[in-house]
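Shared between the two complexes below is subunit A, which has subunit B as its partner in the first and subunit C in the second.
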Partner chain A sequence: MVTLDKLKSGFKGELEVLTEEPKLSIIRIKNKKLIKKVAWQIKEEFDILYALSVVDYTPVFELNYIFSNYRNADSLVLKVNIDEKDFSIDSITDTFNSANWEEREAYDLFGIKFNGHPDLRRILLPEDWPGHPLRKDFKVDDEIRNWTGLDLKF
Partner chain B sequence: MEESNGFSYPGLYEIVFMKAEKFINTVLNWGRSNSLWPLTFGTSCCAIEMMTFGATKVDSDRLGVLFTGDSPRQSDLILVSGTITKKMARRLLNVYEQMPDPKYVIAVGACNVSGGLYHDSYNTIEGIDRIMPVDAFIPGCPPRPEEFLDAVRVLQKLIKENKSKAQKNGNIRQA
Partner chain C sequence: MVKENSIRLNIGPVHPAMHGVLKLILDVEGDTITKAQTEIGFLHRASEKIAEMRYFSNYYPIMDKLDYVSALNMEILYASVVEKAAGIEIPPRAVYIRTIMAEIQRIMSHLVFIGSFGEDLGNMTGFIWALRERELLMNVVEKISGGRLAPMYICNGGMFYDFPQGIENEILEALSIIEDKVKHEYNAMFTKNQIFLSRTKGIGVLTKDMVKKYGITGPIARASGIRRDLRKVSPYLAYDKVDFNIPVENDGDTYSRFVVRVMEILESIKIIRQCIKDLPAGSSKTAVPWIIRIPKKDTFVKQESSRGEMGIFLVTDGADKPYRLKLRSPTFFAIRALEELLVNIRVADAFVIVASIDPVMGEVDR
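Let's turn to the complex of A and B:
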């Protein structure tokens, strides 16, 4: 892939190639501050970000950005680690528009802060929900189960 | 005519008034129970069975349950079918509060009876009787369309006997 060669030469030492195959390549960047630049490079070949998944390896959280393109359906997975001390990462919404809702989902379920996101609200759960339910340290206790967020009169 | 323990026999006027009130209420309840226009609130698989309930084979029209276009303003009965999440609960109550009194609720499916498959989830209302007064429950995952008929029969009986939740809570106009 053209983009992958460019990335390898442009981000020497910061970028690690885990898999390089014709249809699917997996890369990892070590410094999370490079995410905007890398995303901008990726945009040259890959049109869409079709998934953003987060894996909880406490204390490290791994973000998987999965890119694809319309021309030959190649895929590229970009892995970034963030740790619990600085629980935020730059948003790539200005490069890939579909990152808007994906990042809102990651914020909703894992509590990751995306710097520079235009509209960082919860997307699935109610606005006043306590906690972030897909984290490993989240416990479903009676208080959570009985929570409705409503004041009921009947 | 008054006795020492404070009990008094009703006079002629009171007897006539009570009889008339009872008669009018009976007529009203007869009318209410035989023209239950439903509002469909389907969020998942139970809604498919609800459609069958309104269709030809299990004909809901013969019980007076006419599916006459979904508007909360012209409905007496809300059929809540499908899992209600905590975010959806607010929308459900929003719709429910737009319905005119008297209004009745049937909870369809295991999810609305007790939480069902998702009973220990963080985001499910475990039985909608936690958030609104429910008159009849239909268990099953999903229930058969015939059980809807049964639930409507039960509800009609409750209305005729003045025992529905709407009557109990007092948000119903008596004669």
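Let's turn to the complex of A and C:
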């Protein structure tokens, strides 16, 4: 992949290639502040943010940005770690417009703040929902299971 | 801020013209929409959280309820990602049976689209006709799997049962009826119908740039002139062994999105006929224990479902349950385009555009 070679030479020491296959390459950047610059480089070959998957390895959260394009079947997975000292990362919505709702979903379900996001609100859950349910420390109890959204007592 | 002579119109989440529980908030001046917002999440059932509490084999019923109009596509996708992560090979007969079932489900899903699209235009006859044809395949799926809407047919390593005897002829009979109806009756009802043409042509134009901006895939992208279908681009199952075309339209309006899906029905019929002809004999299942453990790794699989490219990102850590399962749903991206598509059009056309996206909220909200 052309972009991968450029990234390797452009971000020496900061970027690590985990697997390099024609269909799916996985790379990791060590510093989360580089995400915007790397996204800008990736934009040369990949058109859209395909998915954004957050994995909770408490105390570290791993963000998996999956990029794809419309020309071939290539995908690129970009891994970034953020730690519990600061649950925030720069938004890439100005580079990849399709990241908008995916970042809102990550904010909703994991509580990660995306700096510079145009409209960072909850998307799937109600505005007053307590906590972020996909974190590993979120306990699913009977109160959550029987939640109806109505203020009724039976 | 709402202007003085504009009205804020809340449509949904429970409304006969909305597909599922989608909510639209429209600012309307006279009959023209000036601003549109969408609200989703009314069918959120935390499928991704449930995955972390289930064995790998016990998650299939939840996949059924994601995109409940094309449940088999979801099951096949989940089976593929688990089998890829665990390194399970499935026999060639299972590959072909899965291809046949995926395409049967695609035809059924597109028939529901044709029906509900007609219904939103006030064409109730089209709705009844489309569901009548879908019933033929529903009966076939019921005979094969025992279920109708949520079949629960696929399992790790293949499928629960082989095809019953003589089902191939029933499938072929149903297909020849559907092909005849789609080619002849549906033309008279839809594509040669003057009322239908004037309601759909030139409405809700989605350009190539907008498709790339929002990350839309599947039939909607193909209606805007993007020739991309994962079945051709990175063939999975038996798609590299069969011969079929990708229907592409260039206008990007609601009419193109309708025509692309009608053409896809005919292509799916072609695929099923070839698969039944080449259906290999032998075992239809690799024996896999009910509880399996998958070592620590990340697996990503994407497939072409009826609504676009559906993907699963699976993280495992050596346990008998997934550590994290991310579902990438195609309509989640397409719904967002409504905020731009619905501006400066009539309220009556808004429902046509929403119907042409063909959203199934179970898959959007997950």
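Here is the rule we go by: the second predicted complex is superposed on the first by the 140 of 154 C-alpha atoms of A that agree within 3 Å, B and C clash if a C-alpha of one lies under 4 Å from a C-alpha of the other, contacts with A are read in each partner's own complex, and residues count from 1 in each chain.
Rule of thumb we're sticking to: a residue touches a chain if its C-beta (ideal position, glycine included) is under 8 Å from a C-beta of that chain, and two chains touch if they have at least 3 such contacts.
Please read these numbers as outputs of a predicted model, since none were measured by experiment.
Novice: Which partner does A:V140 reach: the first (subunit B), the second (subunit C), both, or neither?
Specialist: A:V140: touches subunit B and subunit C.
Novice: Does subunit B (first) or subunit C (second) touch A:T95, or do both, or does neither?
Specialist: Touch status of A:T95: no partner.
Novice: In the overlay, answer first, second, both or neither for which of subunit B and subunit C A:L124 touches.
Specialist: A:L124 contacts both subunit B and subunit C.
Novice: Examine A:V77 and indicate which partner it touches, taking first as subunit B and second as subunit C; both and neither are also allowed.
Specialist: After superposition on chain A, A:V77 lies in contact with subunit C alone.
Novice: Report the partner of subunit A that touches more of its residues: subunit B or subunit C.
Specialist: More residues of subunit A are touched by C.
Novice: One more residue to check, A:T148. First (subunit B), second (subunit C), both or neither?
Specialist: Only subunit B is touched by A:T148; subunit C is not.
Novice: Both subunit B and subunit C contact which residues of subunit A?
Specialist: Common to the two interfaces on subunit A: residues 124-126, 133, 140.
Novice: For the complex, which residues does subunit A have touching subunit B?
Specialist: By the definition above, subunit A touches subunit B via 124-126, 129, 133, 138, 140, 144-145, 147-150, 152, 154.
Novice: Which bits of subunit B are touching subunit A when the two form their complex?
Specialist: 86-87, 89-90, 93, 120-123, 125-126, 130-133, 169
Novice: Taking the complex as given, what residues does subunit C use to touch subunit A?
Specialist: That would be residues 40-41, 44, 46, 48-49, 53, 212-215, 221, 226, 228, 230, 233-234, 298, 300, 302, 309, 311, 313, 315, 323-324, 326, 328, 332-333, 336, 365-366 of subunit C.
Novice: Inside the complex, what are the residues of subunit A that reach subunit C?
Specialist: Residue positions touching the partner: 23-24, 26, 47-51, 53, 55-56, 64, 66, 68, 70-73, 75, 77, 97-98, 100-101, 109, 122-126, 133-134, 140.
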